[in-house]
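The structures considered in this document are given below.
After this come two complexes, each holding chain A, first together with chain B and then together with chain C.
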Partner chain A sequence: MIKLFKISGVWIAAVIVMLFLPIIFSSGYAHSMLGLMGVMVIFSLAYNMMLGQGGMLSFGHAVYLGLAGYFTIHFLQMMEAGTIGYFPISLLPLFGGLVGLFFGILIGFVSTRRAGTIFAMISLGFVEMMTVMAFLLISFFNGEEGIQGDRMLGPEPFGITYGPAIQVYYLIGVWTLIAMLAMYFITKTPFGRMSNAVRDNPERAQFVGYNTQRVRWMAFSLSSFFAGLAGALFALHFEHIGYESAGAWLSGEVLFATYIGGVSTFLGPIVGGILFIFLKSTLSELSNVWHLYLGGIFLLTVVYAPTGLAGLVLMHEPIWKVDFKLLRRMVLPYLGALVAILIATAGIVGYIELINFVSDEYSTGTAINFLGINVEAHSIMSWVVFAILTIIGFGLCKVIFPVVSRNWNDILETAKERLLQ
Partner chain B sequence: MNTLIFSIFNGVLYGLLLFMLSSGLTLIFSMMGVLNFAHASFFMIGAFCAYTISKYVSFWPALVFAPIAVGVLGALVERYGLRAVHKSGHVAELLFTFGLYYVFSEVVQMIWGKVPVSYEIPKSLNFVLFTWLGLEYSAYRVFMVLAALAVMGALYLLIAKTRVGLIIQAALTHPHMVGHLGHNVPRVFMMTFGFGCGLAGLAGVLGGPILGTEPDMAHQLGPIIFVVIVIGGLGSLGGAVIAALGIGILTNMAISYDISFQPFFALLGLSAESEGIGKDLIAVTSGSIATILPYLLLVLMLIFRPRGLFGNRDV
Partner chain C sequence: MTAALELKDLRKSFGPTEIIRGIDLKVEKGELHAIIGPNGAGKSTLYNLISGMYKVSTGTIRLHGKNITDKEPYEINRMGLSRSFQVSNIFPKMSVFENVRNGLLFHTGCKYAFWKLVDRRKDVTARTSEILQSIGLYEKREVPVLLLPYADVRALEIGITIAGGADVILLDEPTSGMSRSETERAVDLIRLIAKDKTVVVVEHDMGVVFDLAQRISVLVYGEIIASDLPENIRSSQRVQEAYLGADA
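Moving on to the complex of A and B:
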């Protein structure tokens, strides 16, 4: 009973946060960004149904989002032209989901025959085919331009026109909650467990009598359903869809978002989706090589934190369950490590920006703007300063990281002892 | 007839390039289980390095030093990156190389710019070698074919006839046993990875002037070499040769013949006067779908023969 209360408490909190976020961040730009975060959360969770829970790494999951987006826009266009009757805009995501499901079942039949790296390669093949299709079947995909529709159609129940961004945000918010709940409960069903089993030990799952290929197929199709749902919301959000939203680029982005957030927990992709959209909008303002930083963050996550951000936080769970006070001993080491990492990052980022500035023929002026400071690019001093920063940062890391790991092992031991007593 | 011969010649050329790329990839894959997503990035870096060297010195040193530089870079990546991820499993390794692919393409854009560079055919090879049936064969293309054949032969001799090849062959199937016999398996892995990347770099040096040296070239070729090794059968070098040549010739023929599928669609009741999708379908020719032919082959192969042409194991 208490457990049920705890779980529903988290969901109620989520609802409250979702309701009040657009009031705190009230600009139109913020509403648009929040809406995009919701779409990315659904998409990342759907993606993680395969990657985290089913062990299937796909390089082409945007195909299902994109196709659903195209169908949604066509649906809007046909509704506007009057070739089909009225269908409530608020329920269009369901239609998008069904489109995703249809293509998921169709393509999944071929691609889920194999798991692991071969599956990844097949997904890459399908995403390339999709991109070429977008340029061949012009009347449906309209090539490079993509297609657009108008979401302000038909009757206006309760005055909802979907004109202002905030209304679209609430539409996305409601669907995000529904999708999150649905996907959460799917992980608790026997199918969800079976999907985990097929990921961890396919031979054994087969011995117990399950058809591993069929379990993968089902996971793939369900994931495509939610990707399609996200696709319809994506299309409604922008009132436009183009080939780039069905291609390798967005597929890579959802992989980054999910993995940086963390694939081993349900929370991970949610964190990842939100963080990704935030990083994307802030970093792309600050630097024109932000893809490099994104790739760097991803590489560091793969090497040093394979459980992602959520995994890093949840690593502390067993300790705070024993005694929250134990974590106090980690505060100083963590702060020290943070400072060291920040200094090293500042040095490296400075170098990258300088190199980028010098090699880019379109750069203007002689100085780069680094955290509000004008750094002269052609003076040897700036290069020396960044070199010193990098060396100091890495030196500090070398000193502090062993301390962090020693303290961590200490409190882990203490927690174990307390638990055994 | 002319078209046939010419498209076969170009197909063989393209196929040999694909083979140079996929041989390294399949060696790395079958030995370490790592699908190197960044393999085509090493190809691209090879082409760009060769561009820089040939700009300041000339083509011939580039032919030697660019592949070596790429090989060293590959070995470093294995030693300081992949080895750390190895314990987290094959999917983590694939993710690592995917991130690397992303970072490499950004770094290349940062250093060499976003637009194609003018890496041109060396002057000493820029002439018509011979004319046959009214078509001109440039010396550079013939040189490329010869170089690729030489690499293929050397690779065969290395693997089949030398002691190093013996260890590589053994490490492909029984890495633990090779380790027990006293060989340094991680070092064998590092050397193989570096060697495979070096081959990709060499392909870049040779292919750069013909395919166009631009930051997007890794993306254009990357997925196709995966198709080559899956169709050829994972871990089979012979399969990689046949699949690479097959795909090379097939795509070149599709482009040069540019067959229209109108009669086929006419059976479905579509004609040039059709509206919407029908009109687009009628306009489809083999040339316009040449780029996706490899993927279609991949799908067919997976349905009818999942282990590939010469694959002897399911992965």
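Moving on to the complex of A and C:
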């Protein structure tokens, strides 16, 4: 009972956060960003049903989000034209989910026949086909321009018009909670458990009676359902969908978001989806080489933190279960490491910005704005200062990182000893 | 009465090399049957053929009279045959409890259900606990399998195999790498299983084989040269020459 309460406590907290976020961050821009975060959370969780839970690396999962988005916009257009009757806008995500499910079942049947590398290759094939189709079937996909629809349609129950961004945010918020609960539920079902089993040991799964291809196919189809649900919300959010949202671009983004959040826990993709949208919107405001930074973050995650951000946090779980006070010993080393990393990052980012500034023919003026400071791009001093920052940063890392790992091993040992006592 | 397991002129080639060279074998219902043979005789290949992991070149395999020759491993398992592995083949990221439960999920009707919680199935939990008790791992049910000692992993391997309730059990060297006392524990477990099931066991430890088996088949270079009661196998000239003679 206590366990049940603890679990529902987390969900209640999620509801409260979802309700109050747009009040704290009240600008239209913030509402739009929060809405996108919700869409990305659903999409990342759906993607992780395959990557983390089922062990299938897809390079083309945006196909199911995108197709659902196209169908949703067509649905809106047909409603507007009166070709079909009215259907509540609030329930359109369900329609998007069914579109995703349909294509998931269809394409999944072919692609889940094999796992591993071959599966990944097939996913790449389908996403390329999707992009080509967007330019061939102009009447449906409308090529480069994509299609748009109007979400302000039909009756307005309780004054909900879906005109203001905040109303769309709440629509996305409610569906995000529903989708999160549903996907969490699925991990606890026989199918969910066997999806993990097939990921870890497909051979043995066969010898306890499971058709592994069937398990993968189901994971693929269910994942596509939720991707489709996200797709309908995506389309309602932008009132537009284009080929880039059904192609390799968004497929790469969801892989990125899921991975930096962490594939091995349910929390990971949630953190990843939120963080990704945040990074993307803030970095793109700050710098025009933000793709480079996103790439760098991804690379560092893959190499140094393959369990993602949630994995890094949950790594401490066994210790705080034994004794939370043990973690005190990590506070100073972590702070030190953080400072070292920030200094090194400042140095490297400064260099990248300087190089970008002098090589970009559209640069204006002679100085870049770096953290509010004007840095003269053509003065040798600027280059020297960034070089020194980089060297100091890396030097500090070299000194502090061993301390971090020594303290970590110490408290891990202490925790183990106390556990076995 | 139809045999629990019946092989007829079973052959398997890898490229030009014939590994299994025409095996005829009958295992009666309820029997505890041992297969012995020198290294490379084809014992593991034989298991892989019966359990559907490899495709048969020619010949037929029948389970309770039903042809299972070209069936997939999961189909054969659903028809009532379950096997263990010589090198432990478990679900490495899960707990002991979950490993055993995976073994019986399909057979308790849970199948592919994604609309009901597995923890709500009290009968599944009860049956899993029962299996855990019989293999002596109930106390360690919450332990992640990566932390288990070797002998416990071997016991778990058997636990997963019998969990689904299959009535024909193939065990592949269940005591390999075990100490004397661990082996005794394993032998007791196999006896317990064999009470109401047909058990075929491939085993290297002759002490175990002659202690346990009701009938023994001797596999040498892909052929069964004798299939008889333990005392007849022990006294057979042919077996001694071909196999036991080598280390006697």
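The criterion applied here is as follows: the second predicted complex is superposed on the first by the 421 of 421 C-alpha atoms of A that agree within 3 Å, B and C clash if a C-alpha of one lies under 4 Å from a C-alpha of the other, contacts with A are read in each partner's own complex, and residues count from 1 in each chain.
In this section, a residue touches a chain if its C-beta (ideal position, glycine included) is under 8 Å from a C-beta of that chain, and two chains touch if they have at least 3 such contacts.
Here the structure is a predicted model, which is why all the values come from computation and not from measurement.
Trainee: Could you look at A:197 and tell me whether it touches chain B, chain C, both or neither (first, second, both, neither)?
Mentor: Only chain C; A:197 stays clear of chain B.
Trainee: Just chain B (first), just chain C (second), both, or neither: which does A:299 touch?
Mentor: Touch status of A:299: first partner only.
Trainee: In the superposed arrangement, does A:209 touch chain B (first), chain C (second), both or neither?
Mentor: In the superposed model, A:209 contacts chain C only, not chain B.
Trainee: Now for A:248: first (chain B), second (chain C), both, or neither, which partner does it touch?
Mentor: Only chain B; A:248 stays clear of chain C.
Trainee: Looking at chain A, does chain B or chain C touch a larger number of its residues?
Mentor: Between chain B and chain C, the winner on chain A residue contacts is B.
Trainee: For A:313, using the defined touch cut-off, is the partner it touches chain B, chain C, both, or neither? Pick first, second, both or neither.
Mentor: neither
Trainee: State whether A:152 touches chain B only (first), chain C only (second), both chains, or neither.
Mentor: Touch status of A:152: no partner.
Trainee: Would you sort A:385 into first (chain B), second (chain C), both or neither based on which partner it touches?
Mentor: A:385: touches no partner chain.
Trainee: How about chain C: which of its residues touch chain A in the complex?
Mentor: Listed in rising order, the residues of chain C that touch chain A are 51, 53, 72-74, 77-78, 82-83, 85, 89-94, 98, 101-107, 110-119, 160, 163-164.
Trainee: Given the complex with chain C, which residues does chain A contribute to the contact?
Mentor: The contact residues of chain A facing chain C are 185-186, 188-194, 196-197, 200-201, 203-212, 214-215, 218, 222.
Trainee: Spell out the part of chain B that touches chain A in their complex, as residue ranges.
Mentor: Chain B residues touching chain A: 29, 33, 35, 81, 84-85, 88, 90-92, 94-96, 98-100, 102-103, 106-107, 110-111, 113, 219, 223, 226-227, 230, 234, 275-277, 279-281, 284, 288-289, 291-292, 294-296, 298-299, 302-303, 306, 315.
Trainee: Write out the stretch or stretches of chain A touching chain B in their complex.
Mentor: 55, 57, 59, 110-111, 113-114, 116-118, 120-122, 124-126, 128-129, 132-133, 136-140, 248, 252, 255, 259, 289, 291-292, 294-296, 298-299, 302-303, 306, 352, 355-356, 359-361
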